[in-house]
């Protein structure tokens, strides 16, 4: 068996979520999703178009900051990774604040592109490494972007999965609920239930999250680490001792 | 004709209360001019981040220069949350007009086109609509529904018309044409704003519009009010294509700005120009 | 990945009935591909000129390839009215959807943004509104009036979503990135269209996106369906920056196309490729 | 006295209409207005921004075909020259067709940007060399762009003047009527009345249109002719025997 860091498992698990897609984008402050997209591109033989926000080299856009969103509106973007200060069981995402609007207890950076991309990107992969009741809440305090929409609301996309430091949930849009699909090595279902603030469905026998293969690990530590270091030098240095 | 001035004169062209558009960290942030703005004691700025900001907004907020900020996000990226922005938010000291990236781009495009609004998909069901009373929902008239209560609701966003757009770029030529490369949000900002102030690394020797290759990445001088030379003017942020971010300096800022006294010490101890 | 094909294969990718966007004469018109389209006997095209056209539209209309044309103007410029377009208009043989330049740009921008419509000022009081039943007037909701009958009326234009955008450019690289320079309406067309077909003077040796100077004027391959090499592919029109128009040839066309037999003779006698 | 061609008088007369302005644009198939704008720029010491549609060298725009219109919407464009297949006494302009819509007697190229620019450019200068009852009609058959708008219609611009091969009319927006301001040398008021299909006001003593000065003529035949030849080679060759 190969040995891998938890971060590398997450990268491989996220990459699997976008396998076979044509065009995948990664937003702000997302080194692990960034690495996952770069891994997926490497595994596709460079058939996949990948854009990493903030990267010059791994960014095919030439029409300014709006091109990512325009692409999504055109139906040209297949998947996007999204984080969240809070995420609830209906896949609502909060990137704004907790508490009173005028004087919140916690202030997050802001909604970024979520309030738009969540509606028009077919496969939005939620990612938050911290898996705790602080993050995975019964009901978000502020809906930056709703997980589900009423009929009659223009919506061509939405949440497909939630990957955390402990497990992978799939999102069932018809039911508006998460389903525990696989548990990362070293974690278990009781722990996940204890640390999750919302109710979720569960496969009778949730699988173990598939570890990265040797080939994937080699790509992650080689090409992907090198490509990622341009945009996330601190992360790359910390994870693989890699400079930009 | 464009005026060439220095960064203190440029800061003086951004009076208190200016609605000031600034780009995201990847686009060329006028940090030297920002320090000049803080040094002149600017107050009451209405920032518009295009569409997000980092250390620039945090510095301005921490220095008490900002009354209002329209933004899709303020963060120090790999260096964590923006500490002075978060503190001001919690204390209710700044009016935060939360938005989402494409809404800011669309609002600027509305101003660019001289129309009062621009439609945008998504948004419906987001609490952003609850805090943005200036956003309207109508029924899409092309879906055949009634406008007031129609099927297929869609959001209309008001035009965003900054008084001033401010950014840092690599080159401007004598006439004031500015090379922005593929950072075209800078062109949209400039078109939308009443005027644009630009700091540049250096003056370009030649006419940027005479060479079709350079012209493709050039903002014409007709939008530009004044240009100032500021070598390493984005420091400690990156100027993509020219220099990387000074990671140690941003880390020093992120640590210092956790507290108000630490922030004050940082401001007092930081050179106005890059070393 | 972008496919490199020849111009006959390109013409085959524009089936009868295609809603086809083409640029104005100053932007790089795919004239060689147009002749290939006529040679394959194309019918029922729904042309969208961005925002105007000249000899290209006149040729396609004269050859009977066009069912509908949405345009702000068709003219041979210094060579006078477009004779086959005018004749078809008088005979009622083509459905002319008269527009105005900024309306075509705005309709494409709506498609580019994935919104169903875009507002535009002006227009009210023009008879264009009488012939464009697909344009709607609403009251500007930001002026406080009622939508249906409000003060400050403003026109909403539907998105224009071409099936194919077709143009000629100087270079494409191996991956299919296309250098368009500052002819950015070509980017808007490509973003708005389901796919884009491009003829180029020559293949660019290198990666257009790797060099920031070239990247600023590059349409990324992700919008491009296929590329064909067509040397002097805009002939007899100009390719700005590369070659001027062949004025004598356009004059020959303008004279011949005054009559239907003259037009037929011209078509029969014109080489598909530039001499 | 200097000697000049009628075309040169028109160029000088049109240039006078935009004297002192900051930003002037010229549209499709407009060699005489193009020359006028270039003359005005030369006379301004290059302080005036001029854009000639179809020119690479005399075109400051880098945002594609829409930038002219966007500039106008922003209030950044001071003047524009506009022609017309038909023009009537209310300054309505027809660039589309005469006769039945389905089978018109005459078909013109189309409205170009008129239906927009006429509303948002403060000073639109109408220009049509042919001054006849065929062109200057009581009422246009098709309104590409209306000369006047009702109150409550957003309108920050409109017609300022009409220059023809015989005279210069000013347009009075409040009254919605043209006023004969000056008559070109070699023409007279009776002839203008005979050849104009609409009613117009008249100054008690309309002036003679000021001929181009020696300095203007030198600029027209030198710098302006050279600059114009890039975009209008046939016109420049015909008028000044000038190649691009």
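Letters A, B, C and D mark the chains in the order given here, with residues in each chain numbered from 1 onward.
To be clear about the criterion, contacts are C-beta pairs under 8 Å (C-beta built on N, C-alpha and C of every residue); 3 or more make two chains touch, one makes a residue touch a chain.
All values reported here derive from a predicted model rather than from experimental measurement.
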| remark: Chains in contact with chain A and also with chain D, listed by label, are B, C
| said: Please tell me the distance, in whole Å, between the geometric centres of chain C and chain D computed from their C-alpha atoms. | reply: 27
| request: State, to the nearest whole Å, the distance from the C-alpha centre of chain B to the C-alpha centre of chain D. | output: 40
| query | So how far apart, in whole Å, are chain B and chain C when each is placed at the average of its C-alpha atoms? | reply | 35
| At which residue positions does chain D touch at least two other chains? | 56, 61-63, 66, 69, 73, 120
| So which stretches of chain B touch two or more other chains? | 106, 109, 113-115, 120-121, 152, 154, 182, 187, 212, 215-218, 241
| said: Taking the touch definition from the header, please name the shape of the chain graph: line, ring, star, complete or other. | reply: other
| task | Provide the full list of chain pairs in touch. | result | A-B, A-C, B-C, B-D, C-D
| chain C - residues contacting chain A, complex | 1, 111-115, 187, 191-192, 209, 212, 215-223
| field | Footprint of chain D on chain C - complex, ascending | value | 24-27, 50-52, 71-75, 77-78, 81-82, 85-86, 89-92, 98-103, 105-106, 109, 120-128, 131, 151-154, 182-188, 240-241, 244, 247
| remark: chain C partner, complex, touching residues on chain B are 106, 109, 113-121, 136, 138, 140-143, 146-148, 152, 154, 156, 158, 180-182, 212-218, 241
| message | Can you tell me which positions in chain D touch chain B when the two form their complex? | response | 23, 47, 49, 56, 60-63, 66-67, 69-76, 120
| note | chain D residues touching chain C in their complex are 28-29, 31, 53-54, 56, 61-66, 69, 73, 95-97, 101-120, 142-146, 149-150, 152-154, 232-235, 244
